[in-house]
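Step one of this worksheet: look at the structure below.
Chains: A, B, C and D, in written order; residue numbering restarts at 1 for each.
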Amino acid sequence: MKLEKIKTEGLAHLSYLLTSNGEAAVIDPRRDIDVYLDPARRDGCRITHIFETHRNEDLVSGAGLLAEVTGADVWHGPNPAEPIRYAKTTREGDSYQVGDARIEVLETPGHTYDSLSFILFDQSAQDGPVGVFTGDALFVGDVGRTDFYPGKEREVSGLLYDSLQKLLKLGDHVLLYPAHGAGSVCGSGMADREFSTIGHERRNNPRLGLDRDAFIEAKLAEHHEQPPYFRLMERLNVEGASPTRRYPLPPPKPILKASAEDSQLVDVRGVVDFAGAHIPGSIAIPDDMLAAFAGWVLDPDQAIDLVCRDAAQAERSVLTLERIGYDHVESFRTGMVPVASSGAAFASLTMVGTETVRERLGTGGWMLLDVRGIDEFAAGHIEGATNIYLGHLPSRVAELPRDKSITVMCGSGARATIAASILLRNGFENVDVYLGSWKAWTSSI
Amino acid sequence: MKLEKIKTEGLAHLSYLLTSNGEAAVIDPRRDIDVYLDPARRDGCRITHIFETHRNEDLVSGAGLLAEVTGADVWHGPNPAEPIRYAKTTREGDSYQVGDARIEVLETPGHTYDSLSFILFDQSAQDGPVGVFTGDALFVGDVGRTDFYPGKEREVSGLLYDSLQKLLKLGDHVLLYPAHGAGSVCGSGMADREFSTIGHERRNNPRLGLDRDAFIEAKLAEHHEQPPYFRLMERLNVEGASPTRRYPLPPPKPILKASAEDSQLVDVRGVVDFAGAHIPGSIAIPDDMLAAFAGWVLDPDQAIDLVCRDAAQAERSVLTLERIGYDHVESFRTGMVPVASSGAAFASLTMVGTETVRERLGTGGWMLLDVRGIDEFAAGHIEGATNIYLGHLPSRVAELPRDKSITVMCGSGARATIAASILLRNGFENVDVYLGSWKAWTSSI
Amino acid sequence: MKLEKIKTEGLAHLSYLLTSNGEAAVIDPRRDIDVYLDPARRDGCRITHIFETHRNEDLVSGAGLLAEVTGADVWHGPNPAEPIRYAKTTREGDSYQVGDARIEVLETPGHTYDSLSFILFDQSAQDGPVGVFTGDALFVGDVGRTDFYPGKEREVSGLLYDSLQKLLKLGDHVLLYPAHGAGSVCGSGMADREFSTIGHERRNNPRLGLDRDAFIEAKLAEHHEQPPYFRLMERLNVEGASPTRRYPLPPPKPILKASAEDSQLVDVRGVVDFAGAHIPGSIAIPDDMLAAFAGWVLDPDQAIDLVCRDAAQAERSVLTLERIGYDHVESFRTGMVPVASSGAAFASLTMVGTETVRERLGTGGWMLLDVRGIDEFAAGHIEGATNIYLGHLPSRVAELPRDKSITVMCGSGARATIAASILLRNGFENVDVYLGSWKAWTSSI
Amino acid sequence: MKLEKIKTEGLAHLSYLLTSNGEAAVIDPRRDIDVYLDPARRDGCRITHIFETHRNEDLVSGAGLLAEVTGADVWHGPNPAEPIRYAKTTREGDSYQVGDARIEVLETPGHTYDSLSFILFDQSAQDGPVGVFTGDALFVGDVGRTDFYPGKEREVSGLLYDSLQKLLKLGDHVLLYPAHGAGSVCGSGMADREFSTIGHERRNNPRLGLDRDAFIEAKLAEHHEQPPYFRLMERLNVEGASPTRRYPLPPPKPILKASAEDSQLVDVRGVVDFAGAHIPGSIAIPDDMLAAFAGWVLDPDQAIDLVCRDAAQAERSVLTLERIGYDHVESFRTGMVPVASSGAAFASLTMVGTETVRERLGTGGWMLLDVRGIDEFAAGHIEGATNIYLGHLPSRVAELPRDKSITVMCGSGARATIAASILLRNGFENVDVYLGSWKAWTSSI
């Protein structure tokens, strides 16, 4: 019996391939399913079962597609409001055999109404379960969000509390296999550590030490964001997704057409590259931030053109976008030296350091814009800074003064660069970025 | 300006990717087109032109598909009988610009009526062409077959002679880029060397030293085979092919169903593996021989199940079969040790050596069956051997005596093993293979 | 904090790369250390600590080499008899910081006197350890061997019992990271499952339910084998190993020199390939069995020549052999068709099935030789079979009758093929193999 | 017979692997020899011959090393002044058999006294040679440099003229295989096209249309640069090189030590990255420019520390440096965001466009520094610009005014960025770069 964790960077999504004796199960597959097919075949296993812990809102599920390719069934919890078209319904106590492994269903609602956990038993060591796939109910160091049902936050927080008690009852020795790790938008306090047990969580997870009422209050006090693309995910994850591209890349674009006007021109090269030179009007979203921020900033129904370092980065970016349902990348272009050499205009974005920010503090005609999340800002910020979360910036641009110079900051300068590119695209002229940002500020004081 | 030769082993097919200054052309693309898309993107080039030297009969063209993916046009010679649906017609003297390269069309009929050659010029060194893509008109060491139009062999041989004179006129210094290399069924005397020039061919190619009449007589005296799958290729190459599989492999098959009855069970592991142990009734075609012999032995409309060493070999075999239009591989199974361990029956095929064959010579109740081509057999064979070409064996099995023991031979024992598996599947009981075959015989005498 | 398990197939050896915050530790590295250097670099981590749970006897440690390349220290338990030249000594309670992780030493002698376990703590979730690296003290489903100190088996078994109590005290929730998985010669009852916790072992591991006396008796009753190459490993693992080859393969050998006389000619192609055809006198050890059986059959001081399917298999085999200290591979040769074609002699090995074996049972002049381990044989065998363990066969060949025909069997036919090749090399003439062996026998009855 | 061209980007060096019938020859191997060993093994060939066209001055030869690994001999032309330690001497008319190929030696001095060409014959098509390896005598579109023997330029130019006549006599149909392509420092007018024949060169190569006297005068009028590292190459290529690193990368460097003071801190990330943010004092040499410019700027005897985008870029850079004898890379560091986040100081380099440059023209206190080669500058430049070739800048820094602002330009901005980093490191304060440079200037006018 072998269990392979497949991590999707950016989304911090975790899916699992369980293989045993010629059979295999996949838990929470993503859209690019080769990552399950390849190792299953290499180990001589047929994928016979696909399990979904819940209807995901942050990524496109590959469950329906994988079912089509393998002939396996998809098992999903009861979802009467929006029945999952590609799945069969399973309920507490249902049990499935995968080689020498047995998977038993536990209903663990709270994060969503349809949330399930899947308990893993080994036929040849049956005294207690070996592990449990907890989806978005229980993470390493945190528990799931409970803000998805407006007006029902209290009810679903209570449901989650009860679900967690069921999980704790499985026993300290049980291995924990959640659907997300640190960096996911599906929780805020996840540990950077990627492995744990029920027992270690019972001792250390701050949410598990509370009684029911305190737990509910704590959950109600949390602050989460819901990027607009969540709506698209919810729809796609009811309908089932189409395959990712057969031929991954659009053709490279001729250099001359370097204009940001009639498309979403997205510069994925990186923070520092964008600062050095970029096409005026382009939106900076470094490739490793696409999963987290494309859903706030880009329109999934409009064409997207990429500015990349090379074809490999373009291919990576196309795939990352497809994982969250952005299928309309139409071209890519590589490098700024060719653009500038063609005689086309380019722009730079100035990066400033701690010293400069400190000098400017308190001066007039200047604004320090901190685009971190509300909790991060609350936990500590530079006196006088204005906070607008990066995700909200596109819809709140009008609030910003056009007659001031603006320095944008965040944790390190990365999100600030995305924000600055949005400001520049919206016609703001005196914009720079505090590279190092809060980390530099706190290290240098 | 860069020219990449893409060789498809097994078919000995040569296609070409020409890149220059952000643009690219492909000459005679095969069906799995990633092999052109990837390097073009890596070098930052858009594929703007696709050229076909003629309607191929031995492999599925990827021209239509590549056009669809890239937006490029496909250029093909006039083919009034069966207009190529995915192509535009081009004629002698037409000229195309690809970056700094210029491609000029030369009509070179003979092998087929629609055969073109494409002359390559470099804009910055224009005194004489640099190279020429000759398709199946002129090879290194040989010229194209002229047996595709029954009753018109004499006419098309004459056409080919005239076409070759046009090619020779391009000048000695011109590089030669043919569509096939040694091992192809599209010619019989191709050199093992993979590079040449018009001048080197003029001096050394045996077909270029003849006058028109002698040339025609020599062509008429040639002997070529036409595997049944050529019909399928001709149809597909008018219609245009669908893409190869998105997810390359079918699921592995459970071991228990080891039976050859209701499918074409094809054992691609290798000659010696098949001899050691195989599933009774399976057809041996080692993976590196699939391109040459699947088209003689397998039915493209029926399901195919594979016996492989491992998943990688299965994947390779699926792709090789797709290149010649066999799209119905439905499962694969790995290794014979698991089959035997499951309690299923298995069989062996005895390999004998030179000494055994020599002892048997002249004895009664025994037949030595040589499955090499008629020309190979004519060039030298063991006294008393019977010759039936491997490709004809499936339809001529009834001619063989069931009351004799049969030793099968060929050049080395590889084709003989395919033949032996066909005999075994047809109920012959006393069959073995002369491993080493003609090579061993001639080395040991 | 990330923990990567590196599995070495064949040896079923498990080593670990722990990364956290720019630093990394490796536990029990093998000789080909790229497998640690590459992911550490990719994640931007310096390897700062190397831990060895004990002086390994079944594989060459890469600890000294890795220390040399990275500048990290190697930490090893006290080994006064033979101080490890490349390591520093660490003792119970010593503690090491690796990024946000803390490693604490626990002395757990028994398997060897110098055996340590390493307890893993997370700085940010400190209530109880997260996991423990147990070396060869505690496995999933089994505990370590205690037969390495002749005359002291009772003492070290007691030591191991006490060590296991220390491990159990860490708590049910602690993740288990042993140095071996199923298939290792370092234990006999390891589970096929590759993940567990202290708690799951406490409930299910058969050795953990016994009291001290019963435990000791059970350990004394076990039967293990010590291949001769263990002596070489012990020496190398005191001295420290040299790097694996810079250029992994020797040049391919011309076909003509196909003789097994003056070298150890090892045929690694596979069981069924060897049966089909092989070079007379060659020793069959399929590449995936080299780790387990080369140490019984081959002389590490003599040159080794390989017969392979292709260069990739040769490269894999060279590396597998280097991992157990066999550095003298001098050539390789690919395929038997070229050998036979050159006119050289070849031989086959007949594979028989259940029906044939059943027919022969009780007949005279025939011997059924079962080369499985004594425990396997005791657990069930074919009436009338003679048992000599494969590992002992080279030194016990003289016991076998030369006037009988011999059918060799094992679990599936794989070990039997190695055994048969040894008999053939020793001049036995009537030897065949029962393909499927005990698995086929028990499935077919 | 197969001929594989191995191109080393950056150096634009071409080496060749010729394989035929189980044997192989390598012409002009580079230092990282896996690139010859791997394909030779894959095709089942032993490398039996190594040929050097001359003692290279621009890269480290791998001939001695390859000889050691394979047992083949190295054949080199007569070099009485400095006998090549790892080679045997071969002379005009000597002949070598490699499978079915024959290699014949032609002495073609001029570029160096020891320059040889190797004529390639095919045994089975002997009427005229097939190709010729011309080393640095004859390129596509150019001929070799003749400036390596101070005071003897006229003599060696004449020798080269005579050698070229010998090559032309081989015949128009002969394929040309030179040791360099476009971008090499070993010639200035090489074509971007990578394939040609003697005949095509005879018609199009501008140097081949001259008579002896005109040829000599033309060669004397050429202008070439000799980077200081050529001295190192010449020494290493007499002695023979050691292997490249067994474990390719040094450990990553902790972020904190971000200082350029006590080492050669080389930023290989890229032109635009360096502009966006860099460590003060670091030298910008983008990874694809290392081969061309490290030899002008870096000291091979001093330690080198790298700033990279990621570990893969670091690995590539280490190898590129090793190919030109820079073996002392001691660490690498990835990305500027972590550096700035640690609180360390960083700097930017402003990129300006055509409009800015045009505005500044003629203003005081400003200097436009063009670092292109003397020939490029002569062919066209911006009125008022000062020319110092980039390679000479390190030794001519003192000539530049410290009281002016300086805009650096080149062809596209890439070499200008290297130059700007050198000025910054030397304490110049008002330095920026004209991104797009001459290409932008000429496109926008």
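Throughout what follows, contacts are C-beta pairs under 8 Å (C-beta built on N, C-alpha and C of every residue); 3 or more make two chains touch, one makes a residue touch a chain.
Predicted model, so just to flag it, every value in this text is computed and none were measured.
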item	value
Centroid-based (C-alpha) most distant chain relative to chain C	D
Which of B-C and A-B has more C-beta contact pairs	B-C
Between chain A and chain C, centroid-to-centroid distance (C-alpha), Å	41
Averaged-CA centre spacing for the pair chain B and chain A, given as whole angstrom	48
Centre-to-centre distance between chain C and chain B (centres being mean Cα positions), rounded to whole Å	45
Multi-partner residues of chain D (each touching 2 or more other chains)	none
Chain B residues within the chain D interface of the complex	1-3, 20, 100, 122, 124-128, 130-131, 141, 171-175, 191-200, 202-204
Touching residues (chain side chain A, partner chain B) in the complex	22, 33-34, 37, 41-42, 44-47, 69-71, 243, 246-247, 249, 251-252, 254-255, 310-311, 314, 334
For the chain B and chain C complex, residues of the former touching the latter	269-277, 309, 335-338, 340-343, 345-346, 348-351, 353-354, 412-414, 435-437, 439-440, 443-444
